[in-house]
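Consider the two complexes below, in which chain A is the common component and chain B and chain C are the respective partners.
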Partner chain A sequence: MNKIIMLTAALVMVLGLTWGGVALATPQADQAIWQSYYQKRFPNVPKEDFINGVYAIDPVSRESWEAIEEFPPYEMAISQGEKMWNTPFANGKTYRDCFPNGPAIAGKYPYWDKERGMVVTLPLAINECREANGEGPLKYKKGPIADILSYLRYQSRGQLTKVEIPEDDPKALEAYEKGKQFYFARRGQLNFSCANCHVQNPGNLLRSDILSPALGHTTHFPVYRSKWGEIGTLHRRFSGCNKQVRAKPFKVQGEEYRNLEYFLTYMQNGLPLNGPGARK
Partner chain B sequence: MIALKTTLAGAVGTALIAACVLALAPGLNAADAPTGNPEAGKEIANDRKLGNCMACHVMPDIESPGNIGPPLIGMQARYPDKEKLRAQIWDATVANPDSSMPPFGKHGILTEQQLNDVLEYIWSL
Partner chain C sequence: MRTHHFSAGILVAALAAGLPTGSWADDQADFEKAMTAAREARKKAATVGGEWRDIGKFLKQAEQAAAKGDFATANQLAEKARRQGELGYEQAMSQKDVGLPAYMIAGSK
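Now for the complex of A and B:
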């Protein structure tokens, strides 16, 4: 127990407090500390298994999850998404015209776009493609966006998370630091940071929910959640985790959540993509 | 972020003013401040929208409680000074800056009366 507290303190210090500017840790150092923290806390979990979220650390719920995965509740979404991918827009073009390397392109996102000075996520790129072709944008939390994401991420299964923070652009590092700051900042009437739950308390019970480790948190989205009864996106999850501490959620695909995704995905570098996923 | 801080500062300011007003009210001082009602406190502590203490603590009559914090038992032995117990519920981050326990008083999650009720209940455990 004491060891865990010390490790947590070290992690919060190194990751959480150095953005204050005194001893700025590099993203590489953050990532190494992050990954080894969870591996030390759960020494019996093989690193790659963290992509399975809470099921990596809870053998009891893992069993029913494995049964669910035999008839995946996201299968319809994948085939819906495939249809979208292959159906021409009104102007005769298709998604392939925007993504010539598609559909297995998820490993490329999120990335830093130097020209525009911003983090580009896959859902954002999808809507930009639509709008460039005269189609209306999709809503970002669920529905058709989750369908096409399910298809693209399914096709990308097995690619490794590989987010880059280009060293020749200080604004990329700044976006990363903002995402990190977001992760460790307390907010809402209940005064929680993301780290309070997913860094300090993974494996502990919040009432009857076992909190998942944040190692692997981005690999499997979009996700079918039994609680939602449907598939939702990563930013929908961010928004939900903000709301449950009575904080006002930020705009999905707004700058805050994109930077958060940039930081959080960078922390998972090296882990294979396994979306779409299924969770409680 | 700045907006958040300002709002919080505003909320704290209001609470301080309220506290001063209370302190100035004739004949009211810490010694005979309104005490809580333990039965009401139990309901508040166990209400998911109010105390929700069982999200993190093992407590009497609660099925499948959480375990983020220590079990709330033998409180008088652990907190001979009731004010210290109150302070923990008011704002746990004073004793432990990394605490994941919500600041029930400081952030107005519970009213003064509700907090006193909860205090009385927890004190009885």
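Now for the complex of A and C:
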């Protein structure tokens, strides 16, 4: 009898069906649960408005955010990034030689590189372009990398998030699963996971701040954070969150955060890109 | 009696010369042992991605305290680092199979 139950369960899992009405854990099923969860939790928020983070669910802070957006604090970064895009490297080539479809290329990232067996993010691709052309890599958290990302993301506004997990490469699914595990794993002395704040408690207060829903979290980076007083990247935010729960942060653009970005961005599939953004 | 005088003489000479006495050497050895245990616990936690933020800071502070001869503080910090390393490892192992939580699945329906 046990063997029959186990075989049936295995068959159901392989076919990606449901078990007792609960969707089994395929990326597609995860994504459907993820997006539905937030829409059910905040039924008055249109799905596309989740790209505005906490401002989608808190009308008071939205007022001040909209006022900030009238004179966006990330404008200088966009201009600086445009200058970088158009300035030739020492060898005479430019970023366009690496990204012929640029500058509106952000919707393509992150993606699974089958040949290299790894997730490639846009900042990583930018630095690989630089190094291929004899330039030094940029630091990944802030500064010039945030400038050029601001320009590329600004040019890509409106593109839909469309991360793919190729079914013909189990390593891609493995990277996704690692990113998912990272997101839901409690860590640090405070024993918090990313999900404890942004899945379990969006809309609730953490000290004086309202926690944002994770739906839409990747669409608006890089962001100008008032707390930082400057533009920063998504991995800088990952690192900061880990530090806040008193976990040792991982290397930015290392495998852990790239897999995390892969999972988290996949969860936002279908949402338009709106970076760069401004946040508290 | 002569032996006592002789021992005391050696102790005074050792102190004057700044050489480690038995007690200091013991304290140092205990501290080194505590630090080795803490470093190992930290390394083990790191192998599973479970290192906590402040372990490195505690180890550094422990070394500074030991350098000043404050072994009580140094050992306390080393012990704290070791304990955090062990807890970080246990925490990471307990979380290695987590996925979408039940409340999220239930809340999506």
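Keep in mind that, in the parts below, the second predicted complex is superposed on the first by the 256 of 280 C-alpha atoms of A that agree within 3 Å, B and C clash if a C-alpha of one lies under 4 Å from a C-alpha of the other, contacts with A are read in each partner's own complex, and residues count from 1 in each chain.
Definition applied: contacts are C-beta pairs under 8 Å (C-beta built on N, C-alpha and C of every residue); 3 or more make two chains touch, one makes a residue touch a chain.
If you're wondering where the values come from, they're calculated on a predicted model, not measured in any experiment.
Shared-chain residue A:Lys93: touches no atom of chain B or chain C. Once chain A of one complex is fitted onto chain A of the other, the partner contacts of A:Ser208 are limited to chain B, with no touch recorded for chain C. In the superposition on chain A, contact is made by A:Arg187 with both chain B and chain C. Shared-chain residue A:Lys280: touches no atom of chain B or chain C.
Looking at the shared chain after the overlay, A:Lys162 reaches neither chain B nor chain C.
Of the two partner chains placed around the shared chain by superposition, chain C is the only one that A:Phe250 touches, whereas chain B remains out of contact.
With both structures placed on the common chain, the touch criterion links A:Arg62 to neither chain B nor chain C. Contacts of A:Cys197 after superposition on the shared chain: chain B is touched, whereas chain C is not. By the touch criterion stated above, A:Lys108 is placed in contact with neither chain B nor chain C. Counting residues of chain A touched by each partner, chain B versus chain C, the larger count belongs to C. Common to the chain B and chain C interfaces on chain A are residues 185, 187, 189, 191, 200. Put simply, chain A touches chain C in their complex at residues 22-23, 25, 30, 32-34, 36-37, 40-41, 180-181, 184-189, 191, 193, 195, 199-200, 242-243, 246-250, 256. In the complex of the two chains, the chain B residues touching chain A come out as 1, 4, 54-56, 64-68, 93, 98, 100, 102-103, 107-109.
Within the complex formed with chain A, the residues of chain C that make contact are 46, 49-56, 84, 87, 91-92, 95-101, 103-105, 107-109. If you check the complex, the residues on chain A that touch chain B are 8-9, 12, 185, 187, 189-192, 196-197, 200-201, 204-208.
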